[in-house]
Amino acid sequence: MITVTIDGQKTEVEKETTILKAADKLGIKIPTLCYNELIEPYAACRLCIVEVIRGKRSRLVTACNYPLRQPVEVRTNSERVMKLRRMNLELLMARAPAAKIVRELAAEMGIEKTRFTIDNPEETCILCGLCVQVCENLVGTGAISFTDRGPDRKVATPYDVTSDACILCGACAHFCPTGHIQMTDIEERILHSELTLGPNTAISIPFRQAIPNAPRINPDYCIHMKTGGCEICSQVCPKECINYDDKDEFEEIEVSAVIVATGFQDFDPAPMKQFGYGKYANVLSAGEFEQMNNAASPTSGRIVLENGEEPRSIAILHCIGSRDDNYHKYCSRVCCMYALKFAHLVKEKTEAEVYQLYIDMRAFGKGYEEFYQRLLSEGVHVIRGKGAEIIPAPPDESSEGNLLVHCEDTLISKFREIPVDMVILCTALEARKDAPELARKLNISTGADGWYIEAHPKLAPVSTTTDGIYLAGACQGPKDIPDSVAQGAAAAGHVIKILNQGELLMDAAYAVIQEEYCSGCKMCNGLCPYTAISFDEEKKVSVINAALCKACGTCVAACPSGAIVARHFTDEQIYAQIEGILV
Amino acid sequence: MKPYRANLMLCAGTGCVSNHSFLVREALEKEIKKRGLENEIQVVITGCDGFCAEGPLLIVQPENIFYCRLTEKDVPLLVEEHFIKGRPVKKLMYTPPDAKAPVPKMNDIGFFKGQMLVALRNRGLIDPENIDEAIARDAYKAIAKVLTSMSPEEVIQEIKDSGLRGRGGGGFPTGIKWESCRNAEGEPKYVICNADEGDPGAFMDRNIIESDPHSVLEGMVIGAYAIGVSEGYVYIRHEYPLARDRLHIAIDQARDYGLLGKNIFDTGFNFDIEIVRGAGAFVCGESTALMASIEGRVGEPRAKYVHTVEHGLWNLPTCLNNVETWANVPGIINRGAEWFASIGTGDISESPWGGSKGTKVFSLTGKVYNTGLVEVPMGITLRDIVFEVGGGIPDGKEFKSVQTGGPSGGFLPADLLDLQVDFEQLTEAGSMMGSGGMVVMDEDNCMVDMARYFLAFTQGESCGKCTPCRDGVKAMLEILIRITEGKGVEEDLDLLEELSHFVIDSSLCALGGSAPNPVLTSLKYFREEYEAHIRDKKCPARACRQLNVYTIDPEICVSKGHGCGVCRRECPDNAITGEKNKTHFINQDACEKCGVCFDVCKFDAIQIT
Amino acid sequence: MSFEPKILGLLCNWCSYTGADLAGTARMKYPPNMRSVRVMCSGRVDPGFILEAFRSGADGVLICGCHPGDCHYVEGNYKCMRRIPLTQMLLKGMGIDPKRLRLEWVSASEGARFMEIVTEFTEQIRELGPLELQDWEFIPEELETVEISEPHKES
Amino acid sequence: MPKLKIEDLQKISDKVRRTTLLREGAGRAKVTVHMGTCGISAGARKILDALLKIIEEKDVKDIILVTSGCAGLCSREPMVTVELKDETPVKYVDLTEDKIRKIFTDHVLEGHIVTDYALAIGSERTR
């Protein structure tokens, strides 16, 4: 610790403390423009120059980065210092006459006007370098930098064109002391869903009732994860909870049974160009609309357009990606009913007109048809015909919407053009992309559409072809909530049975080696995928462990001596079947 | 090895190369072969001899005959006369100004006589691309000495005792720098050779590298050993292709000989050097900016409250010295600190700050006869440099001022000609040693205009990081331009002074910290010229053309020039009227004061008032 | 009355038999000529079964297993994949057109594919006509013409 | 190239020394062959070649061999002047290759003036 005197006040500071921090401790304010405590001092503006006096020697240093090492006297407002500060501000006023903070600081010093040439009266950049420092050292992207030199120096992206290196974090604009850097939207780079719906902070609690109920870093938004820089959260967290190194881990768990309940994934309607999803901000997928309806959504559950206004009319298009030869032939089963629910919610929350464009209205469950009838009485327009295309509406004051939905109303055999403000696409439920991968791991199978196949469609709709593995929910096929619950309960029942038994009932089909015929050739040993066959060195015969054998019969077919018998599929039985069938 | 009876030392420094010395070389080799002398006479390509004004230069050894301004056409005569008949060719020799007869021997020429070669001791004597020749001139002997018989501390003490101070401009005692770098915490450490010579018209470092790269390498190896470093960089500007190539060759040859690399001389000491090319920004000659540039970042300086010997390249202890400093080191080791300290001024028995020892290489340019590169002992007077070595001012003009230390050095007036050239005295007079630029100005130079010129350079080369250097220098330049255009007001001089002190006091690095020197010294020593510009709207030196009024003396125009009309044809503004055999007349309203008429008139009929 | 071939189908329990089942539940129609025997895995198919089938009057034999990589028993179908071409060679030596024996991959979800395969195979056998098994004689010359390619034969 | 040892530095130095000494103009002895038109026609070239050859044979390193114009005594050409360091120059006349060989070994290398062939001692110095 050393004792320093700043403007006559004494204070004790640790060695290497900067004058700026020491002065701050004493409540002495030294003006700065290029300083931010999160960034290493750049010392470019020179506004914080103070006088350091040691013995008879006086020295001018910048307070932001001068480390105190000896007991010295510091003067932050001596005449010499103030003279430099005034001149500095006067020059900065000439450079950036429109920068408010410079004008204010100058006014404090009693400067009204600069004596120097003003090149650009609109200029706001004072070249303090904070933005460049943040981008390079904190964010770590280096998307902006200084170009040119001397008086021509300026902050720019490479070649003054929009830089791909920019991650749109906005840190530069945030740190800019004069407001010279502003964020503007670039059409291609901002997705509607990110702007209005999804959680777009880098640290958030992933969803309500999340367990554990703790914030986590979203690597898609975290600057540190992208560039290795930033780390501001760890600097501000008082409990040192931030752990950037946490990684996904693999854990091995031994289980007796598996219930596959991996669900479905939403069909991505972007490839269906005719609907303009991703192009028109107010074309939403059903999932996005559902999120918006959530009271905890960024809109607090209000149904609004991108510009924050309430829509005047909404079209709900059924069967997007389902019942479609080009995408999925099957019916997604749940869309009709949730589309009706949407219509109901819209009617409840807004004054908007609702158009349902359907192929067939499938209200198959208990009470569903009644709900449909109720909706009709609420004044929802139901048009039988698939939505064909969405285009922006020509500007027209009298129009009901900014988008036009083209469709054929098959009941009246007419083409229609419906003006709406918002379109909701009832996207298909599809099997998860990674379903086949999991299927291979679990030794179960998927159908052509990717849904998992049950052991038997009628007699074993929950089981799979592999013992101990069961299916539940939409991973097996499109399903609504009651059906999923029912299947889940059934799967749980199966599992409980296994767990309670404590032992597994084996299939009676397995292979046996008839020792007296076995020549001990060991051919079968290598064939068995389950390593169920071993060689008895004493007896010089191969032996099958019945508990491991799955009765595939590969060894049976291969045994040159015909010594192996596949129980329930013996040669005799099969020959008999062949004979029975053919003769 | 074959004995030759004569070595033709052909200068191949950049100056002579641009004067086609390679064509002379081809012609020489061809002619020698033609005459069957190829086994007797050898043409050797050497580094720069320094007398660049007279290039291409050829020195015939052992006779020490000095030929200059050679062209390939002179070669047959030269070979016939000198090498066949043994008669040196007088008309190709150097004739000093105002002398009647040429001076045949190099050592008798004033330009060379007044010099003392330490850093440049091998210039013109070795082929810089042949390490063996350097070794024959004792190169790498000093490495052998330090590695086998001296401890690093002893080496540092030796350098301290020699009084060697940084030749890059700062004049920081080299021994102290090495010592603090050795004592600094952090590994690995680095040594850097700053060869980013950016001062306009200065080429000391280029010259040393071009004529004797091994002295620099050897100095670096010794420094590396003393500091405890195994990695070094030479930061050389891209605009020095010849120097860079020679350095590359020298490093390759030294590596082949095991003088660089692992386990040098089997002593277990490792050191290697990498060349980094600079992109030519003046500010990258500043040590912190240079290191930023090596690291691949934008070359801009940072505050040096924490020294680079503690936190330099990649934040590790780094010892950066200039080319000339490194080149001085082997000599000190070989000949001893005492010898070195015997040259120069001051007393260094207390501290190395006490005096300026050894020699300094200056690049002498401007209004002197002998422009070129000179190495002179510290303490020599400015007068000796300008008038003895430089040969005085040409065309009978009067000496006005000399600027030392590059573009941000100060202007020293004639009163100070007897000033001894050393670090302290130059600084005291308001100038500086700098890296060794020396520009001589005569009566035709306007000091305001010169100040404007050099400030325009520093403004253009400022990195723009800090406000004073970026905007302060710009404001100063605007005022100076205003004055040279006759638009200055009385208050401008005070404002200039205020700005100068502001820029010096608050700039981040030495570029800004010294940029106002030309302005301050010209205000101090030549204030009357400023006042003439402001009050009388006149430029006493007639250099500021906007203040000149051009008229034609009708008598001279007719009697001598017969109304030749050259001025009329050349005038870009069609401001001159007249006919053949009649006097011409300048229409002052149309005259834009470009001065072309003055330049083209062969009869001095154009007058400036 | 046209010739109605008799075809034996040997179907693996997990994929092909289920696939056939699916064809059934989906009410897909395929020729009744094929009669199937369920085995646990195509790897269980003993060439003896095939010979026995031809001997017992089959005009064609169709073996269906899981797609390679999808075998319920990991690699049983690979064993089958190696056995069938050898069996076809054997058939050739016996004077039976190897086209009468076919191996196909049908997964549990490929009811339609199963239908197509059976239909197509039935048509093929129908064209080949009834298998007329002569009193069988060993003809060494014919056997020699059978080429067994050895991929790593050393030159 | 093999890595150098410290003693190799001296070896290289010795090897190249002749060249550099030549450039420094610091020889132990200087031999001037007078090569005016008269000298050349009288065979000065042969003398020069012979001298170069001897220097190579003997591998001496500190002898400076220069040429000059006519010495003024055209009838006695070819002539050479031998000038040992810090001694008066000696002019030899009517030379042949054998004579020059003897002069070189006796006078230049060992310092004994070959009076038989010498014209004069202490004649005008060549610059």
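All chains are identified by letter, namely A, B, C and D, in their written order; residue positions are counted from 1 within each chain.
Here is the rule we use: contacts are C-beta pairs under 8 Å (C-beta built on N, C-alpha and C of every residue); 3 or more make two chains touch, one makes a residue touch a chain.
Here the structure is a predicted model, which is why all the values come from computation and not from measurement.
Listing every chain that touches chain A and chain C alike gives an empty result. Our note on geometry: chain A versus chain B, Cα centroid distance of 62 Å, whole angstroms. Centre-to-centre, using mean CA coordinates, chain B is 94 Å away from chain C.
One inter-chain figure worth recording: chain B and chain D are separated by 41 Å, centre to centre, where each centre is the mean of the chain's CA atoms.
Averaging Cα coordinates per chain places chain A and chain D 91 Å apart. The set of chain B residues that touch two or more partner chains is empty. If touching chains are joined by edges, the resulting network of the protein chains shown is an open path.
Inter-chain contacts, as defined above, occur between A-B, A-C, B-D.
Note for the complex: chain D touches chain B at residues 1-6, 9, 12-13, 15-20, 22-25, 27, 30, 32-37, 40, 48, 51-52, 55-56, 64-69, 127. Contact residues on chain A toward chain B in their complex (touch as defined above): 41-47, 49, 60-62, 65-67, 80, 83-84, 87-88, 91-92, 94-95, 115-117, 127, 129, 145-146, 148-153. For chain B in complex with chain A, the residues that touch the partner chain are 281, 283, 298, 300, 302-303, 305-306, 459-468, 470-475, 478, 495, 498-499, 502, 505-508. On chain B, the positions that touch chain D within their shared complex are 1-7, 9, 39-40, 42, 44, 61-64, 83-87, 104, 125-126, 132-133, 135-138, 140-141, 144, 148, 256-259, 265-266.
Put simply, chain C touches chain A in their complex at residues 6, 8, 14-15, 18, 21-22, 25, 35, 37, 39-41, 43-49, 52-53, 56-58, 69-70, 72-76, 79, 83, 107-110.
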